[in-house]
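One chain, chain A, links the two complexes that follow: it is found with chain B in the first and with chain C in the second.
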Partner chain A sequence: MRKHGVMFAAFLTAILLSGCWDQRELGEITVVTGMAVDKGEDDKYTLTVEGINATELNNRTASGNAPSIVYSAEGNSLAELTYRVNEGISRHLIYSHMRTLIIGEELAKEGIIDFIDFLERNREIRDDFNILIARGGKGSDVLKVTYQFQKSTSLKLHTQLDTMMKDWGGDPGVRMNDVITAWTAPGRQPVMAAVSIKGDPEAGPSAENMMKVTPDALVILDSLAIFKGDKLEGFLTLEDSRNYLWIQNKINKTSITVKCSESQYMGLRVYDTRTKIKGKLENGKAKINIKIRAEAYIDGTHCNDQFDKAKTYKESGETAQKQINEMVTKTIEKVQEEYGTDIFGFGEVVMRQDYQNFKKVKKSWDEKFAEADINVDTTLIIRRTGIRTKSFLNEVK
Partner chain B sequence: MLTERTFKRDWCGMLKENISLSQLLTLLINFLLGSAIVVGVGGDAKKDAWIAIAAAIMIGFGIMLFYYFLISRVPGQNFFEIMEFGFKRPIAIIFSITYVVYFLYLACRVVRDFGELIASAILPSTPIEIISLTICLLMAYILYLGLEVLGRTSEIFTPYLFGFLFLLTILLFASGNANLYEIKPVLGDGLKPVLNALFPTLIVFPFGELIAFTLILPVVTNFKYCLRVSMLGVGIAGSLLLFAMFLMIVTLGADALQRSNFPMLSSAREVSIGNFIERIDALVVFIMMLGILVKGSVFMFAGLKGLEYTFRLPYRYFSLPVAMIVSSFSILISVNFGDHWQEGLEIVPYFLHLPLQFGLPSLLLITVLWKRRKKKAKPGVKGMKF
Partner chain C sequence: MSILKSLLKMRKKEYPVQPQEAAETGPDLKSMSLEQLKKRINAEFGSTVDLSMDELKTEGKDALLIYLKTMIDTKLLKETILQSLSVKEDGIELTTEDDLKSLCKEKFGGAGYQLVESFDDIITALLYGNIIIIFKDMEKALSLSMDSGEDRSITEPSTQTVIRGPKDGFVESISTNVRLLRKRIKNKHLRFEKFIIGSETNTSVYIGYMKGISNEKIVQEVRKRLGQIKVNAIFESGNIEELIADKSATPFPLALNTERPDSVASNLLEGKIAILVDGTPFVLVVPAVLVDFFSIAEDYYQNFMMGSFLRMIRYLSFMIALITPSLYVGILTFHHELLPTPLLLGIIAQREGVPFPAVIEVLLMEVTFEILREAGVRMPRAVGQTVSIVGALVIGQAAAEAGIISNIMVIIVAITAIANFVSPTYSFAAAARLLRFLLIIVSAFLGLYGVLIVLVFIVAHLSSLRSFGVPYLSPVAPFIIEQQKDVFFRFPIWSMRKRPAYLKSQNPEKFPKTGSPSPPPMEGEQSN
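Our next item is the complex of A and B:
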């Protein structure tokens, strides 16, 4: 009886513990790190995926071959295409570690809203990848370019954009959910970072490209793509992109150059900055107040300022404040005049602070945004000046 | 070891069971969180869902009080036995069978909720039948061992529930995904959406489902403190639901929350700290699995008690067959997720929950009060203390 009991238990264990239909061995999968979606020639989309070759990413096992395989397939729905790409790639593809999604400019101009649903719905794909526009080209070309350190472009861009955002702020740091929220919630339009290929796109997809000091093709962060609804509307410069982040209170650290006298400049490293926005509608006109507070230290100067006097700190700070005000206002005005799409989310601010009035203009908010009164007010405090007070420039013979 | 206490038998050879107050408390907490935290409740009120839940807690107190009041009229008797007291046994049997079907159907729904969660988010190629079967086998085993085992199971695991929920909160705030401003504007569209979410969906689910506890309250050792503990349980569970909803709103935003089938899971997926602490779905699945296990078991227990009353056989004998019925019907009740969803939101609240949670019990209470009043008139019968 006891024997039977043990056998029964073993049988049950075998059934209950092994019942996983979803297991995949590491040897049977290829991890997808990047995905590019372009306009298809005959069908709606061309999907390009980059499957990583893990041995090439490890310094010890790398032998200098191509770090990844890139394959494209054309069809009308991404959901099908993600499996169809197996017509060229041998192993089962795992999408949960995707790092970048690159969208071709042509497709972005026509509207990209349809295929994002697949990305949101799919259980494997998470909301932790960068979402980028390939400016002036195809997403697939960007994906093919190799790079020295992270080897594949998707991995490179993921690291690069993070670094850029932390140190200076050129990447808006948007993820898929931010884009979707911008589409669905009133009072905001989406933005994305835009990248482009510097050099010869034809030379990108080869291992030789990784071996050069100045690669023949290099993917660079180019600008900020701004949208109206799901359609690409235009591009802003990286400077604007930084200012955009500043308004969003997403800046970690940044550097600004302040003019201190004729053709002489002062570099300021800004840290610990906060932005508060107040917005309301007065007689149908939107009034937005942006308050920026920042701390900074002098990171290099051409002027003969006496940095051992408190007064100098204050004066330099005031100059910098003025410049930041101008800079930020200019960015906003540019968007207001040229595009009239509220990428800054001022509508959201008004909605939160003045909901009853906002409800009336909900549908036509972008028009209200275009003629809104914007007031930027910066307080910048210079705290210290590196490890020197006076500049040696003063004492040069 | 089976002690003397567990072997006490009552009128038809059934084991006398007892659960402690703390076990009752954890059962209540897990029961109320159960599937409510899986599917998310009060979503109709969008940003103000948390207000709807806060209001529902207040009503939940009232509901718990109502069931307690009903139970305490006839001490030591469970819901079905009180029905016999109120009506005659034949009528009580008809009603009992209705309730058996109702409770088992709810157990099916709970198991199906869990199956859908696993099948759509965790293990898509594993047949949902297997998931349902395994969890039902577990429930059958627990109930075969009795309510005491269920109580202890939930008592042991509840600290983990709190721990994981706490951890999830910390991680969500630490990774910067929780944006407190999402909660604004509060009550922007007035009270109407809140009331829409409240009546009847939030009242009957999960708070009205406390009717299953009319079968558990009578076996609590220290009945004196039962009311206090039940109220505490409803309060804690309600606050946890409220907190979870708040957390989901600030992480996902009202729009994504409404689109998510399993909002709690979606918000856990957002966590990513330094590209290192991420993919912590397992924490959430644990919370859900515990809730589902307890809630499913409690419903199944309630159904089994009905069978026990009807057939005068110890309920343990029915546990495995009934669990298998629940397992199969959890698959058969709806062809797809939409069917399951729609049924739960549009049909069940009106045709099952409202009459069986409030209609019939109210009728019963009136009858019992009437009978007791007549009895009280006779000398020698002590009045019940409330």
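Our next item is the complex of A and C:
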């Protein structure tokens, strides 16, 4: 009997003393969807959080007030600041729905690795939020801009980047865990998408901004931020960003414009593409072979090409191939010459395929990258021409 | 303290047991004159108004005709018995028992007569709607069944209705119920045994089983348990169910009850045992396992794919009815991260201004719904509409509009309630109704972890249950591969050849192997 009693007590202890302790009623919480980290004036960081005013996001309950509250606090560790922001916000903040982290350019140039540890360690914050750089400004300003549909910038950016990546490929699709992988894995440097405010940053944080057809301030996807270690090195254009994705085999769909004759162009929709990279070190020099295979359809042409013959398809395809080769090579060369930081992960490829040689240059890989021979070989096949074979341009009187 | 003590004392105090009258068998009939007999019976019944005792002279003898007016068919009495008796005949002279026997054979042969001897037998026979004729100076009395047979006619069952399938249901009369079963199973091996249970109600209880199919040990166990019942009254099969269950501290029913003769018949053929109780249309089927409460007769009357689909819907509904409210409480108070952001924001927007924590909101609504439901069952039919209007409008719409509860809560309560109604057996749905509240409270304190713990407890409890020795979770645990054809899926009938193995039937195969039906071979094609 006594034995049973002890067992029962142990059992009850196990059940009743465990369990979830972080009880929070919905009425007492504010969901944080976005966070911005900037360089602090006195202390190390300024943390800005965007807490959602859920009532405004629901069509039935919205009354035209501000969709969110943005508040900043300054301090030396994010871990403390995430709770310190309650000096201005009434409810408990929950970070488990954070979608976007925006880092100010100034801070990014100085290095960001310190506070990323907090983001990775924290039990609430997910590791798959978008991580962005605010180009030419402060992250907090970006966070404050309102928008018509998702209303809050952090939610807007999360959707926008995803859409962009799927349809055209301007966003590198970098989440926090990608950045950490890039830092820890040899032979790769991180990139991040960069955003900027188009228009007047002062006009962004108001409900009027989201009532206008052409908002006074709008957050746009600006460019690709490239890093060396944890320090921001510079920016590439959106075109480069797309080419970067192409090399990473992350393009879902994209559109390219191909010159078919003098000042006349042809639009191609690329929908099925695979990229394979081969790399090795020969006599201390890296050789990288990039093979791109793509399928596309004609999405509009200025030229009078007759797409009823197989030859036309082939010729157009070859023109496009040449252009893609040039485009991609140019992007890589630009990175090699200007920044000399291997954002493409060629080092990883070489490490996998030629480990013995890579071991020797592991420490100085970025130098090897800067002088590597890059060869891009594209195969593009045009499969369809939309719902027209012959263009009406032929028959125009 | 002193109150408690006195209460305890009260419990200990023994009440005087009523003296048992059964011990004395009563004086034999021969020694008493008719006048004495009359007095005696009148005394036994305390001159109840419906007792009728007529003196008559027939076959050259004085006799006493006794019956309870309310229990017999008086028309039948007049037409047949009195006419045949009153005819004066000189041939027979009643002096010995043999004379009585031959008289009965001659007059009432085929009418189901009985000769009774003891005084108690006479009383019992009267109570069951028989008439008694006591001839002067005879040792035995004549007892004739003349039950008025006035019962509710057979109607469609009000519970467990089907779209396709027989529409007749059991009624309150046990003989009608047996007839309904006999009509479905025309087989000499269908046996019924009678028990009289209830020391004061003397209710007839039949057990029915298929000789040669059902497990003799289980039948014996049923006989034993019925024999052990010592209560004074049985009014419904629910009384029996509670008294013969393997375990009474469980919310789950350990016997299947049904109003449908077809479902009882099919269970009998599986090797189960039916318990019929006089005075109720609900027949018990034992042993019952968990999966029985999810399968209904209609599963077998329609396409097997549809049958399987509906069965899975039933399992799903049970889970919905059991855990939805507790998931709501758990996720909203502990696990916000489990919801997609737009959904969470939507719920927050709706709950903005709701003054209660989620658990109070849920309990409030669930209890309100239970009250409405109980009112819906108990209220007089005439005010039925009022309750539904009050329920739908006042509680649902107005409470949400007033901001006392959120709209999503109304959806949760509604889906829980509807899912609960899916359960084909009312007593099984009741288990989900009860456990739901436990889950809600636990989840308010411990979150989804608590929900999981309670679910583990429920499974542990279920696997500890036995119904007449058969594990309640069979054939899932212990796992029997052959029986899986009729658990989550309903396989085509030609493939389900085996009776449930957990019943250990004497004849485990239902029919020889036939294979699936196939079209005749085409002309010119070789038949295999």
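We adopt the following convention: the second predicted complex is superposed on the first by the 378 of 397 C-alpha atoms of A that agree within 3 Å, B and C clash if a C-alpha of one lies under 4 Å from a C-alpha of the other, contacts with A are read in each partner's own complex, and residues count from 1 in each chain.
Criterion: a residue touches a chain if its C-beta (ideal position, glycine included) is under 8 Å from a C-beta of that chain, and two chains touch if they have at least 3 such contacts.
Keep in mind it's a predicted model, so treat the numbers as computed, not measured.
*Asks:* Specify the outcome, clash or fit, for chain B and chain C once both structures are aligned onto chain A.
*Replies:* Aligned on chain A, chain C fits beside chain B.
*Asks:* Would you check which partner chain A:Asp22 touches, where first means chain B only, second means chain C only, and both and neither mean what they say?
*Replies:* both
*Asks:* Can you report the vertex angle at chain A, computed from the C-alpha centres of the three chains with chain B and chain C as the arms, to the nearest 10 degrees?
*Replies:* An angle of 50 degrees, rounded.
*Asks:* Could you tell me if A:Asn289 is touching chain B, chain C, both of them or neither one (first, second, both, neither)?
*Replies:* A:Asn289 contacts neither chain B nor chain C.
*Asks:* When the two structures are overlaid on chain A, which partner does A:Ile52 contact: first (chain B), second (chain C), both, or neither?
*Replies:* Touch partner of A:Ile52: chain C, not chain B.
*Asks:* Give one of first, second, both or neither to describe whether A:Thr61 is in contact with chain B, with chain C, with both, or with none.
*Replies:* second
*Asks:* After superposition on the shared chain, which partner residues are touched by A:Ile180: those of chain B (first), chain C (second), both, or neither?
*Replies:* Once the two structures are laid over each other on A, A:Ile180 reaches chain B alone.
*Asks:* Which of the two partners, first being chain B and second being chain C, lies in contact with A:Ser255: first, second, both, or neither?
*Replies:* In the superposed model, A:Ser255 contacts neither chain B nor chain C.
*Asks:* Counting only touches as set out at the top, which of chain B and chain C does A:Asp128 meet: first, second, both, neither?
*Replies:* A:Asp128 contacts chain B only, not chain C.
*Asks:* Does the superposition put A:Leu155 against chain B (first), chain C (second), both, or neither?
*Replies:* second
*Asks:* Can you work out, in whole Å, how close the C-alpha atoms of chain B and chain C get once everything is superposed?
*Replies:* For chain B and chain C in the superposition, the minimum C-alpha gap reads 5 Å.
*Asks:* Going by the contact definition given at the top, which residues of chain A touch chain B in one complex and chain C in the other?
*Replies:* 19-20, 22, 96, 126
*Asks:* Across the complex, what residues on chain B touch chain A?
*Replies:* So the residues of chain B in touch with chain A come to 120-127, 130, 134, 137, 181, 184-185, 188, 252-256, 259, 269-270, 272, 278-279.
*Asks:* Could you list, by residue number, the parts of chain C that touch chain A in their complex?
*Replies:* 332-337, 341, 344-352, 354, 357-358, 445-450, 453
*Asks:* Would you tell me which residues of chain A are touching chain C in their complex?
*Replies:* Touching chain C from chain A are residues 15, 18-20, 22-27, 29, 31, 33, 52, 54-55, 57-58, 60-61, 94, 96-97, 99, 124, 126, 155.
*Asks:* Which residues of chain A touch chain B once you look at their complex with the stated criterion?
*Replies:* So the residues of chain A in touch with chain B come to 16, 19-22, 96, 120, 123, 126-128, 177, 180-181, 184-185, 351-353, 355-356, 359.
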